[in-house]
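My structure is below; once you've seen it, I'll send some questions.
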Amino acid sequence: MKLSLLNKLREVNPVILNLSNFVTVQDVANGLNALGASPIMSEEIAETDEMVKICNAVALNLGAFTQAQITHLRAMGKQANQAHKPVVLDPVAVAAITYRKQVALELLNQFQVNVIRGNAGEIAALAGFDWQAHGIDAGGGSSDLTKIAQVAAQKFHCTILLSGATDIITDGQRVTKVSNGTPLFATHVGSGDMLSSIVAAFLAVADGDDFQAAAVAALVFACIGELTASQEKKMGSGTFIMRLLDQLQFTTIEQITKIARYREVETDDKCE
Amino acid sequence: MKLSLLNKLREVNPVILNLSNFVTVQDVANGLNALGASPIMSEEIAETDEMVKICNAVALNLGAFTQAQITHLRAMGKQANQAHKPVVLDPVAVAAITYRKQVALELLNQFQVNVIRGNAGEIAALAGFDWQAHGIDAGGGSSDLTKIAQVAAQKFHCTILLSGATDIITDGQRVTKVSNGTPLFATHVGSGDMLSSIVAAFLAVADGDDFQAAAVAALVFACIGELTASQEKKMGSGTFIMRLLDQLQFTTIEQITKIARYREVETDDKCE
Amino acid sequence: MKLSLLNKLREVNPVILNLSNFVTVQDVANGLNALGASPIMSEEIAETDEMVKICNAVALNLGAFTQAQITHLRAMGKQANQAHKPVVLDPVAVAAITYRKQVALELLNQFQVNVIRGNAGEIAALAGFDWQAHGIDAGGGSSDLTKIAQVAAQKFHCTILLSGATDIITDGQRVTKVSNGTPLFATHVGSGDMLSSIVAAFLAVADGDDFQAAAVAALVFACIGELTASQEKKMGSGTFIMRLLDQLQFTTIEQITKIARYREVETDDKCE
């Protein structure tokens, strides 16, 4: 995996435009900043054109949006497509709320995204699988997660990053599975939102290789979480988020390489 | 007091729907999550029906709201009543701002709440007492706080949780007073908002016993704050919030029982 | 420098009304609270009059605003002028986004501010200088920063606090330069927003001496940041923000005096 993208990100310091979840917006901004990107947030459609112009990638988060924000999301997505800026979509809670799923599917019809980052329930909902969801969490279910991710990738012509105990990254054909991580991610609201924006930061420096960018982002974030959690025997969610920001700032490629556990799966696993 | 509700909460993992104060929304979400509930936030009225359906209780926070949000608050409260989901109202700053008091009183007329959680100034303002307020803080005053809480409970046919150095919980007749806590709660903006949403989490598992749920929530939160503060001689507000989240996650019923200081007051204290 | 204002602030506990950047609002509220002020936030124009009445100073932040918020900003600025409450403006990202610069210039035409607090790029943009900006960061450039600040102060008839490695405070004639600080401020999104609201807190207790208030605020905040950063050899942004809140609460005038590095520049440096 092309882990050198992490150093490139820190050199280039790409500007990431976020249409954010108001619940987690400060953590996302701080996470991008700590890793080495430059976050910019917007709530106003009148500045969309300019913002898309100065940014290097766009992260669209569907958490807690209003109807005004849907108009804004649409404008930002279309503008990003025109300006050839890569787009990440985070379909928060589309498994739990039908209304959100409808909005997400409409948006995915109106502009092209490069990566969708969600949990199993969210990706399954978009792909059209039946899946149980519980609040904003992933919920349980028994289908083959790799297949779900591949179907979603093929349906939306993009890369899927399905987050979980094992992260699954696929462009519909190729599949990478990342086994690093920590259960502490689940104790902190906003870990997923942070990862989605970090995917955008890697897209900004990956020269069009979306699959590579998503896989590296997943591995880097999972390893940084694992390194953070390993500092204490029994870490709480408050300590975790503080230390996670520190670790995003200081973790080197060498540290990641040392603990990385991932598998690039052969094509015979692929969706028929 | 039925402290076993804490274990039930952690088993059931109830979904708490929050119409939140944008100032403190992430802390509230993280606090609910750390304690063992599943937070969901909304800003969009079009998803209200679905959200109320999947949730187990609703927490409505009047901090920093817009007129669009008032419409949303009203819809959510009415919907919760129809679906028999318990509702907590946090009347932020109604003592300081007449406009907020008017809005709060209108809302309390339009749907039924199970618990109102506020400081002395806020509860007094809703109950119709004259009380000094200073910014978002409780302010000073000399009336009998228990009487104020009882009058408010009778006026709105609900349970009142009046937060302060001593928390007063009353359904208008019965009164419980909790003496645990820490002055550090006042150093961190959002402690009260977090408690209000935690009350909703206890309502979700209390089988209709609102008074019990509010009393247990107050005791659990006060003791967790006290345990957090006791870790260091001179703790600052930044350290406090980080450790409070950790403590919400790890504190057991046994630890709470060991330090709990509360009094269930006899009915001769009640409001005439 | 009149550092005694810090003790006055902590005695008076002024109410600071913030029209806030949603990205950093909780940090700003906690920062004000930790230092000894009483934050109040608003999103609703219907409560503007009352809020301005009860507050002691107003902080207007242009980060991530909507068109509804511009109307609100205008109303709040005009109301503050009528009620003779001091006003701070933080022109977030006006160097990067022309739309924001236009809005900021219009607002500065419609009401009088006491202090503008921004980075070099933002102050240069408002003053009409050409300056490079990168995302929300200050960007680089080679003009004389003191001159830029003085021109801006004269143009808007107010005090300018230009933040950077060296903070420059000027009323157009007098200039104070503060050399304290830490690069860690740049690692945490919202340091600048926090400083802007803290300037408002000092204006609230400075008896009309805006220049003094801005200089003291800059020195106090820079020294508190420096003291925070000095606690560890290699502090990350997560640890920094937690400890910064603690330090805002506990730092004394004596500690600041011991490390203060500032220069009150003679008038021959002034802008011709």
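As written, the chains take the letters A, B and C, and residue 1 is the first residue of each chain.
The criterion applied here is as follows: a residue touches a chain if its C-beta (ideal position, glycine included) is under 8 Å from a C-beta of that chain, and two chains touch if they have at least 3 such contacts.
Nothing here was measured: the structure is a model prediction, and the numbers come from that model.
A.B. asks: Through what angle, between 0 and 180°, must subunit A be rotated so its C-alpha atoms fit those of subunit C, rounded to a multiple of 5?
C.D. replies: 120
A.B. asks: I want to confirm something about subunit A and subunit B. Since they are copies of the same sequence, is their interface symmetric in residue numbering (over half shared, so same) or not (under half, so different)?
C.D. replies: Looking at both copies, the contact residues mostly diverge.
A.B. asks: How many Å are there between the centre of subunit A and the centre of subunit B, using C-alpha atoms for each centre?
C.D. replies: 34
A.B. asks: Where in subunit A do residues touch two or more other chains at once?
C.D. replies: Correct list: 22, 26, 241-242.
A.B. asks: Which stretch or stretches of subunit A touch subunit B in the complex?
C.D. replies: The touching residues are 22-24, 26-27, 63-67, 93, 96-100, 134-137, 187-190, 234-239, 241-242.
A.B. asks: In the complex formed with subunit B, which residues of subunit C make contact?
C.D. replies: Those residues of subunit C that touch subunit B are 13, 15, 20, 22, 25-26, 29-30, 33-34, 38-44, 46-47, 50-51, 54-55, 68, 241-247, 249-250.
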